[in-house]
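The following blocks contain the structures, represented as structure tokens.
In what follows, subunit A forms one complex with subunit B and a second complex with subunit C.
For the complex of A and B:
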């Protein structure tokens, strides 16, 4: 991984299998939480790794149809916005922007307000 | 919001009464492993010697129907014995799990991140609900759907919702899923026991392994199961099935007459040499048993499966005695409730569900190196004969249910049953290891019930005072 002014390179395309996620530690990003970078059917997304309900790691969750399901209590979050889709979660997790550039996956830390467009 | 500890000031917490931690003395009701609280004090044990006179070949039918004896079986036969759980091939990657029962106890068998197989009581330590309600699958955690206590694949309690409301002395480390005391495999078969003092699995199987290898060791690559697990409910005590698979060839020509007619190539019935077959029956001192016709030209019944095998190679691998004996169309039970049919490729468990009912869980096992068309032929042959609608299985289930149906009559239910066949004919024959008798014999049934009696009359580890 490397950090530049244009983001953090986290993996090469192909380095995260479809339906899997890469957990980027907080030390790497300087962000307050680890960040999970998800691969769902050719698209990449990034959310704060810690579920807003419990202490579970969303990078361990089940990734399907643009959502991640928490492995602990089955709350689901939109991979794009971080918004909770069902109980028991009621708060969003912060979303971050992911860019695929020249065969590499780059992470851009999102703004504090959670969702990124 | 501020937190305050009530540890030591509030009423005694029932979940913490553990002798090792200074709780109430538990000499009369020692703790089960993994449980921080005393086990329920068992009801007085019944001496079952009065129900069995095996020297005379007599078994009182009460042992099939009495609810108190049934509860004693769960404590003294099932809890301390090595019980079959699953086949290793059901677990390919970390997270794979399968749920089954040990006696009436629900258990999860799971492969951890370290690829190690473990088995746990499928009961949340909070309110006891099953934490996994699927038959099988892949999981990253087992989360109780009642309050959300969550356990990882090693059984550790990793998340408790509203954890801040628990007292300071609440330690998640103490509240993991209850793990079996020992888990081990024998040539692909996964067994476990709750008894920490039980002998190693291979010792518990004893001399039976020589006979089991006729099914499990034909292929250097081993065995695997194909398809899922067939499960069906039968009215009937579990021992009726376990005993028959250990010991009963006697019923074949009568109970399965119509099936033998249908299966005969001519349609006019089997050849005399099949009806009047010779054979041997093995009786193991640990309660296991196996019966098998002996024939110089052992062969698999299904044409495609028969064509697959190189019988000369099998003779070299397993020896003539096994190819001409246990590898034929035999039957077997590993005490207490695991049975198999080598030629059909059926392995099954008789799960007890009260004195009057059992659940049959049956797998089809094949050799790993079998090509697709051969394993398919074996699977279909097994289903045709001993699947839930199999033409032989149907006959057996009807017999067991009919035997059970009248056990609650006072006169009919407390009479002595005859297990005298083959008495005085048990011997070492110099060909098959251990004690064998004629194919038509109750010898292995007497051995099965002798082992059952000994366990029933011996306090199990959980009844003994802990040092």
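For the complex of A and C:
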């Protein structure tokens, strides 16, 4: 699959519990990294899964108040923008668009050139 | 406050780099120079006793920041630069080559040096320590299958080194006079389970002290004579993991208040207002111990940046550390010594469980093996002072997140 905005159906609404994330493998999307799709308080977000600081999966992080905290060293990222909110991360992770359509969660892979809002 | 335009940092570990990040993030645009006695780009230390020792991480994998970070943030790295003196009154530093450096603020991030084994023969060439990149690489080259390795000290570094050595096929003996290391910090249950893993993985654990090291005549290696039962132990190499001495020499010579570390206030300010100390070398006034953990170092750098810029400090929150050994991860929040009762979540027999420490109906500490999410929840519960019910903490069917939503 190309990295254009065709969209990939990743789950049904209800398939990702609040405070949880679904890791969509790179093989499924054709993207350079796995993508974590987060559910935070009724809203869905998607970021590149690998922390920009260390080798850790953000899908296993703590999700709260619009942020995800990396399970490895506790760097926090904005779920919306992928921007780091505290050390030790200093670089963003790429953000992708998520759409809820007819009870299903769709992932739209963003361009491969930096974080998108 | 006098305008600060030149900051000189002695040392280039995590605390120093975190300081630079925080200074730039807060808008400081003056001179910022790191003087590192070591060569090369600054690196992160936790992997030195884990993936570097296992041969799974190269130098470029463990850099604290990529090379372009220094250029982008105008942080000048003077590697291979030894600082000979700090001169607070004159305002600056003197380098080993005689160069005088003028600075408005000096930050000491000199870390520490591993303690040598304080016994006869403790300086034998067979004894390794683990603090720097070179220490780790030197030891890694010797950890060959069948090598007899004696690790002295079963705290964080010793336990991790022993786990790596046995994973690499070495025959490992772990010697510590403490029956269950770390129990004071993480509690008996977690400490006991962790320590028990050593034996399960084939490490010979001996609970006693070392009285002397005898050089094996005509060969390499030593015989460890012990103070109690279980010896002597023949070893091709020894790893001493018995803590560090804070590198306070520069601070002492500069007349700063030094007592088991450079004594600092909440902003990491030393007894001289223009000199700060961060990381392992610093001891917070009123704290009995130096907090020699990764996150504590990072936070101390951030706190010093706030202090230098005269900005209010962020709330520190509960302390946190981790340790990896035998494929498991220990994490702890706060210290179990602060708890008056404990409650277990999960099944200790499974190897993965959490112990919560409570006092006066509040959570004060938590320690877990392979239960990172419990720790993340615990940290928030501690920091927010949420009243907790012990039965709910113990109930696996009760979501810890729910405790935070009220």
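We take it that the second predicted complex is superposed on the first by the 110 of 117 C-alpha atoms of A that agree within 3 Å, B and C clash if a C-alpha of one lies under 4 Å from a C-alpha of the other, contacts with A are read in each partner's own complex, and residues count from 1 in each chain.
We adopt the following convention: a residue touches a chain if its C-beta (ideal position, glycine included) is under 8 Å from a C-beta of that chain, and two chains touch if they have at least 3 such contacts.
It should be emphasised that the depicted structure is a prediction, and the values quoted were computed from it without experimental measurement.
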{"item": "Which superposed partner A:19 touches (first subunit B, second subunit C, both, neither)", "value": "second"}
{"item": "Which of subunit B and subunit C A:104 touches, first, second, both or neither", "value": "neither"}
{"item": "Partner chain in contact with A:60 - subunit B first, subunit C second, else both or neither", "value": "both"}
{"item": "First (subunit B), second (subunit C), both or neither touched by A:74", "value": "both"}
{"item": "Partner chain(s) touched by A:87 [first = subunit B, second = subunit C, both, neither]", "value": "second"}
{"item": "First, second, both or neither for A:33, with subunit B first and subunit C second", "value": "neither"}
{"item": "Shared contact residues on subunit A - subunit B and subunit C", "value": "60-62, 71, 73-74, 88"}
{"item": "Partner subunit C, residues of subunit A touching it in the complex", "value": "19, 60-62, 64, 69, 71, 73-74, 87-88, 90"}
{"item": "Footprint of subunit B on subunit A - complex, ascending", "value": "53-56, 60-62, 71-74, 88"}
{"item": "For the subunit C and subunit A complex, residues of the former touching the latter", "value": "18, 21-22, 65, 69, 294-295, 298, 302, 320, 372-373, 376-377, 380, 401, 404"}
{"item": "Subunit B residues within the subunit A interface of the complex", "value": "140-141, 143, 148, 150, 158-159, 161"}
